[in-house]
Every structure is written in C-alpha cells, then in structure tokens.
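For reference, the structure I am asking about is given below.
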Amino acid sequence: MHRFANPTRFLRLAAAVLPFSAAVAALCLGAGLVWGLFFAPPDYQQGDTVRIMFIHVPSAMMAMGVYAGMAISSAIALIWRHAIADLIAKASAPIGATFTFICLLTGSLWGKPMWGTWWVWDARLTSMLIMLFIYLGYMALWQAFDDQTKAARAAAILALVGAINLPVIKFSVEWWNTLHQPASLITMEGPKIHESLLWPLLLMIVGFGAYYLTVLIFRVRAEIHQRRTRMLRMAQADRHNAMQAAD
Amino acid sequence: MSRTFLMLIRRDLLLAHRQGGGSLLAIAFFVLVVSLFPLGVGPAPEMLERIAAGTIWVAALLSVLLSLDRMFQADLEDGSLDQLALLPIPLALVVLAKTIAHWLTTGLPLTLTAPLLGLLMQLSPDAYGALVAGMLLGTPILSLIGAIGAALTVGVRRGGVLLTLIVTPLYIPILIFGVSAVEAAAQGFAISAHMLFLSALLSGTIVIAPIAAAWSLKLALD
Amino acid sequence: MQGQVSTAAAVLEGRDLAALRGERLIFANLDFTVSAGELLKLVGRNGAGKSTLMRMIAGLVTPFAGQISWHGSPVRDDPDGFCADMIYAGHQDGLKTALSAAENLDLFARLRGIRSQPADQALAAFGIADLADLPVRYMSAGQRRRVSLARLLVAPASLWLLDEPLTALDTSAIEQLGSVVDAHRDGGGMVIAATHADLPGSPGKVLEIVPPDPFEDDAEPSA
Amino acid sequence: MQGQVSTAAAVLEGRDLAALRGERLIFANLDFTVSAGELLKLVGRNGAGKSTLMRMIAGLVTPFAGQISWHGSPVRDDPDGFCADMIYAGHQDGLKTALSAAENLDLFARLRGIRSQPADQALAAFGIADLADLPVRYMSAGQRRRVSLARLLVAPASLWLLDEPLTALDTSAIEQLGSVVDAHRDGGGMVIAATHADLPGSPGKVLEIVPPDPFEDDAEPSA
Amino acid sequence: MSRTFLMLIRRDLLLAHRQGGGSLLAIAFFVLVVSLFPLGVGPAPEMLERIAAGTIWVAALLSVLLSLDRMFQADLEDGSLDQLALLPIPLALVVLAKTIAHWLTTGLPLTLTAPLLGLLMQLSPDAYGALVAGMLLGTPILSLIGAIGAALTVGVRRGGVLLTLIVTPLYIPILIFGVSAVEAAAQGFAISAHMLFLSALLSGTIVIAPIAAAWSLKLALD
C-alpha cells in the first residue's frame, strides 16, 4: 500500500537533520538579532528604523521561498503520488502565511516613518497581500475536504496555479515603478548593501531558513503521527465490528 | 420555546463552524473586494480617502449578499427545512434565530474587520467611530432584509442572482446612511441623526422581516 | 378511495381532502382515519399523490379542499400542538452531512425539547451504533436512511409519517424498521407509511389513492 | 466473494479489486466477470460498497488496487471507448428538472452521438409516454426514476450499470424494468445491478460484497 | 467529438435560458454594482471619470465571480456531472464547452453592456474602444480561471465563498491590465501592449485551465 508511503525513511532523515537545523536557527537568529539591533550602525538616511530590515527582508524572502517549496512539493505529489510531499506542502502553508504576515506587518511599520503612511497600494505590497490570500485559500481548501487524499490533490492543483503570483511579486518592482525599493541584495551586480548591514542580514536570512526547516520537521512529524492514529483507530473499529458480526 | 430558539442559533453556529470557518471566509472576501478597488482605481491616497467609506460599505454589502444564498438553500436541499418548519414553534421565530446566527457569523466579524480596511483605504482618523457604529446598526438590517430575499428565492431557479437583484435595491438606503455618517464624521459633524435613522430601521425590520420571510418559506415548502 | 372506518375513536382524521399541484387536481374527496395503534399504508401508482398527501397531513402543503383534524379539532387551529406530537420522515433525509449521526439525532431531539432515548440506543435499534461518530457525509445511501429513521426513536411523538421509508434499506434494516413500528403501535402510536414494498410486522389498513375521475363534475378544479 | 466463472467468454472482467474510501478499505480481492447476455446482481448489506463498486466499474472511482478489463484489454487504456458502450444509472437521476422528460432523453442521446429509439418510445416502455412534455421538476419520485431509466433505451450500449434501480418504482414499473432488462440481455447486452429487492425477469449471477477481514495482515492500511 | 462538443455548449445555453434568463441577471448585477458607486462616492463628474474604468472592471469581475458558483455545482447535485464525465470524450473538452457556454452567457453580455455603464460613469470618449476590447479578451480568461476554481470547490463545504477566495487573487492581473488599457486610451496612448498581454494570457489559460479543471472535477466525482 504505497499510498501510505512508509514514512520511516523520512522520519529517520528528519531526526538526523533536526538537531542541526535547530542549532543553526538558534545561533543565527540570536547572533543576527544582537548584531543587527545593537551593533550595526544606523543608516545615514533612515536612522534606527533601518533595523526593521533584519526582520522584514528575511521574512519577505521566506514568504516567497516557502511558497516556491510548497509548489514544488505539490508538483512532486501530483506526479509521483508521494505522500510525504503532500504533507510537506500542507505543513509549509501556515508557516509561509505567518512569514507573509510578518513581512506585511514589518513593512507597514517601516512604511509609516519612511513613506508617511502605513500602507500604499503599490505593486509589491499588493502582490504580497495577494500572496497572503493565496496561502489562506490553500489552507482553507485543505480544511474543506474530509478525505485527506482528495484534499491533497485539490490543494496541490491550487498551489501550482497560484505559483504564477511568485514572478509577479519578484519582478513587480521592475515592471511597475513603485515606492518600494528595488532589489539590492540579489542582483546581477552582486549585493548593493553596505557590509556593516549585509552580514547581520545574511545571518538573519540563514536563521529564518533554518527556523523554517525546524518547524517544518515538527509539523510533518505531527501529521504523520496523526495519520497513524487515525489508521489505528479505524482498524480497531473494523476489528470490533467484525467481532460483533461474528457473535 | 426560548430554549428551542437558543438551540436553533447554536445549531446554525455549529454548522457554520463545521462547514469550514464560516466567518473567516466572509472576512477574506470583504478584504479582497476592498483591495480590488485601489487596484482598479489607482493608489493615490487622497483619492482613496474619498472613496474609502463607499468602498468599505459596498464591500460589506456584497459580502453579506454572497453569504445570504445559503441561508435557507442548504436546509431546503437536504430536507432539513421541512424539519425546521415542523418544529412546534412559529416559523417566524425559526427565521429570526437563523438570521441572528447569520449576523453573528457575517455582519459582526465584518464590523470588527472594517477599521483595518479603513487603515488600508486611508480613512480619516475621525471617521472610525462612525464606520463601526454604522456597521453595528446596519449589518443586522442587512441580514434581516436578506432573510426575506433568501426566503423568497429559495428553491427557485438561479436563486442566487435573483436574490441579489431583489435585495440590493433594498440595501441602498442603508448604504447611503452608513456612508454619509462616515463622511459627516470625517468632516467633524454630528452623526446622531444617522444613527437614529438606522436604529429605527433596525427596530422596524426586526419585527417585519421574520414574518415576511416565514411566509415566503411556506411557499417554498408547499 | 375511502379507508375503512375503524371501531376505535379516530385520533387523526382527514375529510374530503383534495390536492392541487401545478393547477392540476391530483386527488379529491379523500377521507381517512387513524386511531391509536393503527398503521395506515398509502398505496397508489407512481405519481398518484402519496407524497403530496403525506406532506399535507404534516402541514407542509395546504389542502385545496377538505380538512384534517387531530383529536377532534382541526389541525389548522393549533399547528404547533400537532407538530409537537408528530414526526415526518420525508423523501429527503433532512440530515446535516457535516455532523455525525449522533450529533444529528441530538440536535433533532433538543430542538423538539423532549428526548425519549439517547442517540446511541436509537442507532443501535437500526444496527448502526458503531457509526454514531461518523459524519453523515461518509455514509452510504442505506446508512443515511437508517440514521434518518433513528430520529423516530430519539423524540417522542404519537404520529409517524414515513414517506417511502424502505428506500435503500437492506433486508436486516427492513426487519428492524418493522419491529420498531410494531413496538410504536403497541404503545398506542400511529404510523402512516407510503411504500411500494411490504413493511414487515403486523399489517395495517390500506388507503389507495386513485386519480379523480376527470369527467366527474365537482372534481374539476375550476368548480 | 468471487462470482462464478461463466462458460462464455467474459466481456467485462474485474480482477483483485480493492476500494479505499476516506482512507479505509471497503472491500478487497474482489473478482467478477460478466459475459454477453448476463446479469450480475451486486448484493451486500448497507454500506458494503455496492455503489462504490458500481462507480468503479463506470470509471468514476479509481480502484485502489486491481484492474478492470473490457473485451480483454484494460479499461484504463481506452476509457472513451468503454464509455461509449456503457450507460450508468446511478443513485441520483441526472435529470435536468427545468427540461421536460423528452428533452432530457434527447439531450442524452445526442450527447452520446447515436440514438437507438426515439424518446417517446422509450418513455412508453416505462408507461409514462403521456408525461413526455412535462418538466421533470413537476414529477413525483417514481416518475423521475422512470425517466432516468428510459435513458437506457434511447442510446445504444451493451453494458448497463444500475444502482438501486427499483427505488421509488411501483409494481408496474418494476415489471416494465424487468422486461426491458430481459430484452437487453436477449440481444446480448450485459447488466450489472445493485438492488436489495428482486428484479423480475430471468435470474442472473450474484456477487456478494463482504467487508475485508480486518484481522488479515495485508488488509491493514498502515502496513 | 466536435458534434458532442457543440451539443454540450448548446445544452448549457438551453439550460441557462430555461432556468431563467441567465445573462439578464448577470447584466443586472453588473449594472447594480456600478450604480452603487455614484451613490456611495458622490456624483461629482470628474471624480466619477477617474474611477470609471476601475469600477466597471471590478463590477464585471464580481459579476463573473458570482456566476461561477453554479458552473459545476448544479450538475454535481443532480448527478448529471456523472453523466458528463462518462461521455466518450475527454473531460477537459467537456469543461471547455461549459466554459465557453459560461462566457457566452456572462462575459459576452457584460462586455456588450459595459459601454452603457461607461456613459453612466462619465468615461472619456476615447476610452470606449479599449474598454470593450479589453473585456472581450479579458472576460474569457475570467471564465477559464473561474472554471478551475469552480471545479476545485465543487461539492465542497462553503464552496461559494472558498471559490471567491481562490479565484479573486488570480483575477487581479487581468483587472490591472484591463484598467490600465482604458486609462492609457483615455490619455491617448497606444494599448497594443496591453492587448498583446491579454491575448497571450488567454491563449495560455485556454490550454491549461480545462485540463486543471478536469483533474479537479475527477476528485469531486471520486
């Protein structure tokens, strides 16, 4: 019964990865925060508000990255019917939605001092808001089915269709002229950020990634255990019925 | 009687919850519709401020409209409307209970979300009170009038759109008063007259709507 | 067309009933009586008007002519009193598919105010106690029907109206329904059932619904 | 659990079929064959999986295990060819209530491309020729069922799948269905029917669906 | 195959017609939503002109959204979706036929009504061409994307609102391009780039959407 793909291999791998990812997350986030908040110099234009960047930029990247991961594992699940891929996609969504929310929140906190308003309807901000909705729709679709195998396939189709939003977000700053600042970190010419800000930022980005991996492992494990409980309960009920019928 | 009444409200809340985060979806639709406007109309803040009240109210109205559809339809389709009609209490009370549940799962959450949307639409800070107060009085009226429309169109072909056509014109007075209250408040005027009007409308509809809706439902069951 | 008049005092009585559907007269001059402990079987070909009569007795369809009385007084005068003592199990199940079997039954009993049996016991009477916590959504046609019939047992009522109760039931469920009906009648309850197949258990009266004679003058709707 | 192997060459063959619903195994290791002119009756208690198997044969539900073949080659390889030669009459009528009986039948025949009998004739076979122009919306449960069964006659197909075809039918309609099925079989057609009651006409094979043994090891879904 | 395909379109058109003036109701809703705006925002002509394109497009989008709900739902509920799935043609073609019928009964009539609403909203005379051309290319995309959403949520609890939540985000690019075409035209700029983009989007979705929707429908039938 391959559909309930034997998860032991995944569990073993997860157990091996978990201590590292947890350690990297704790170290990088700790060091990055301290460095970024206390030791990095204030920006000559933005002053101390620039420190919001250390949360804002990593969460923005993770919001998109997690979605990309979700779309890839959905494709894998659809093509190869790989059960763990479904679970990875499912478990990623709430994490990604949270990153998106944090990005929106820190963005508007930053927007108030920088642009004088909490919110503007520029292309990047809007497409980020849309991404939050796609995450929510994806999660709602999972909830809407009782049958988990069906839910998995429906959600996978949605994740793939929704993936067209990713390039829209990424290139929104280039396609439309917006208030939001264009890419300065990942560009053709290399980073355009001063080194004193770059290093703590990179630390934070790695930390966010490791944090995602850690939480993901926990969530997928929980899903696997939940499914096991369900199967055991059903088997028990079937046995009980069979015994009753035999009497 | 009152136990049955409370039980009916609980029933509908339970169903809304079980059938998958009822209010959450209403809220999401509300936010989505509001955010369509800046996309369509353009992001200029002074422009947004001018259309803020109207857009938020129109979006709230549409969100309520969209959720009306299933108020009685689902119960008709699976036969539970028969059972509700055969409860030993007047059908109008059943309708009132369902309407209250509808408001609790749509109107109320929309009202609570509205200030956030005000922020997105650059609503002037003085106007938030009027927005929330107006919606608190106005959304129950939307649910009540909606109940009449939903009952009239239940079981009818293309009921959904027909419902919209019947109900929207009746919603217009509420829209106008709701919006003008917000605009008055933004300009520093008093809004007590608006609120008085909405309260009067609410007391009127809370009496008439359940009775009218109950009549219409009887037709659908006949 | 008439049901035989029984010796016991009639509790439910329909007199001179006529039904109009889509401006067409379905049946007319229909009389029947049901006394305590009786079963009335409605028969008639497809489209004769069995379901229509059933809904008319329940009070969902207004009679075009005639009157139904309960304990001697017209049902119209006190519909709520009649409803409190009657359960209608129609064509449709009236179950909420998002809720489990037990939740559906509990809801039904609570809304009616009085409970006669716990849900588990009622489900057991129809052989599906083990499905109590399964959402109705997952059930097969026959399983749903059983749940909907189990409603008869969770709230007390002296009159049961069953419209094609045997639909989708397997033989064991039909037997169970037969004995549930018998027990109800032994306790003085009344049952009206429209069914094409045979309901097991002690036999009852039969009311055959035949279409009105289109040439008879006073059966014409415009009369 | 096995259907008896008939002497004629099997046209439809299911081998080692298993169904999973809501992550639960409903049946497993199911085999059956149907040859030209045969009737296969599916029986089993409520919830045994008759409707599930029916939909699986039709191609609506994917088998969890096993394979169905048609004229020797797997149905999966050419689903459209199989569909063109099969009619599925499920639980639900599949009728458009806004259209009349005749319109519904015409639509069905035209969508399938080939027509075998005019709608009127098909309706007459089920005794409702006079209702041909009545919108289905106005019909009683039994009348609808008759219309939906009349579909079998308007488009040619050698395999009929009937899920509880007798629901809501009165005795005359049941007789009519019996003779329609017999005529189909005489012409070499095949019928699979899930029903709790008896289908009149010449008897067929019986396949009883029983739940898989929960104690058997490889039936455990987590294995 | 092509006869079956054409017959399927005819079937849906016939049903839309029999079930009570399908297109008429969509148009009515479209007009209603647009006319709410002068009520909510106030009648100043220069104001209306600025929001005209956006409002019309948003209203068209909402009208389409509202009509999607029943695209497959009605067929699922009465069992005719089973019959359609068992037709001897690929399910994706069935979906395409239904989508075309949907467009013919909603998108097309909306497009034809739009100029009238332009008049109502004081749209600049140069912009009518861009409005109609944009909608002619854009509304089929709305129907196609909508078909995916409708297929994903058919038979699902609270399908209607969930559908909206899923589909609206995907509609936004079309909204943005449609509106900016109108605004470009009003200012005398060329709109060929916009139309090219919409055409490209249309050719993409016409291939992908029926397949994705057919996959999703199979889930609902399983």
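To keep things simple, chains are lettered A, B, C, D and E as they appear, and every chain counts its residues starting from 1.
Going forward, a residue touches a chain if its C-beta (ideal position, glycine included) is under 8 Å from a C-beta of that chain, and two chains touch if they have at least 3 such contacts.
These figures come from a predicted structure and were not determined experimentally.
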Inset, instruction - Show which chains lie in contact with chain B and also with chain D. - result: A, C, E
Legend entry - Dominant chain pairing [most C-beta pairs in contact]: B-E
Inset, instruction - Name the chain whose C-alpha centroid is most distant from the C-alpha centroid of chain E. - result: C
Legend entry - For chain A paired with chain E, centre-to-centre distance based on mean C-alpha positions, whole Å: 32
Inset, instruction - Starting from the mean Cα coordinates of chain B and chain E, work out the distance between those two points in Å. - result: 25
Inset, instruction - Quick one: report the Å distance separating chain A from chain C, using the average Cα coordinate of each chain. - result: 56
Inset, instruction - List, in ascending order, every residue of chain C touching at least 2 other chains. - result: 91, 98, 138
Inset, instruction - Could you list which residues of chain A touch at least two other chains? - result: 126, 133, 136-137, 140, 144, 146, 241
Legend entry - Residues of chain B engaged with two or more neighbouring chains: 18-21, 25, 28, 32, 39, 42, 77, 157
Legend entry - Chain pairs in mutual contact under the definition given at the outset: A-B, A-C, A-D, A-E, B-C, B-E, C-D, D-E
Legend entry - Complex interface listing, chain B residues touching chain E: 18-22, 25-26, 28-29, 32-33, 36-37, 39-42, 47, 50-51, 53-55, 57-58, 61-62, 66-67, 69-70, 77, 156-158, 160-162, 164-165, 168-169, 172, 175-176, 179
Inset, instruction - Using the touch definition up top, name the residues of chain B that touch chain A in the complex. - result: 20-21, 24-25, 28, 31-32, 35, 38-39, 42-43, 45, 48, 119-120, 122
Inset, instruction - Note which residues of chain C are touching chain D in the complex, please. - result: 21-22, 44-47, 51, 91, 138-143, 145-146, 164, 167-174, 196-197
Inset, instruction - Within their complex, state which residues of chain E touch chain D. - result: 3-4, 7-8, 11, 14-15, 18-19, 77-80, 82-90, 221-222
Inset, instruction - Could you pull out which chain A residues touch chain B in their complex? - result: 117-122, 126, 129, 133, 136-137, 140, 143-144
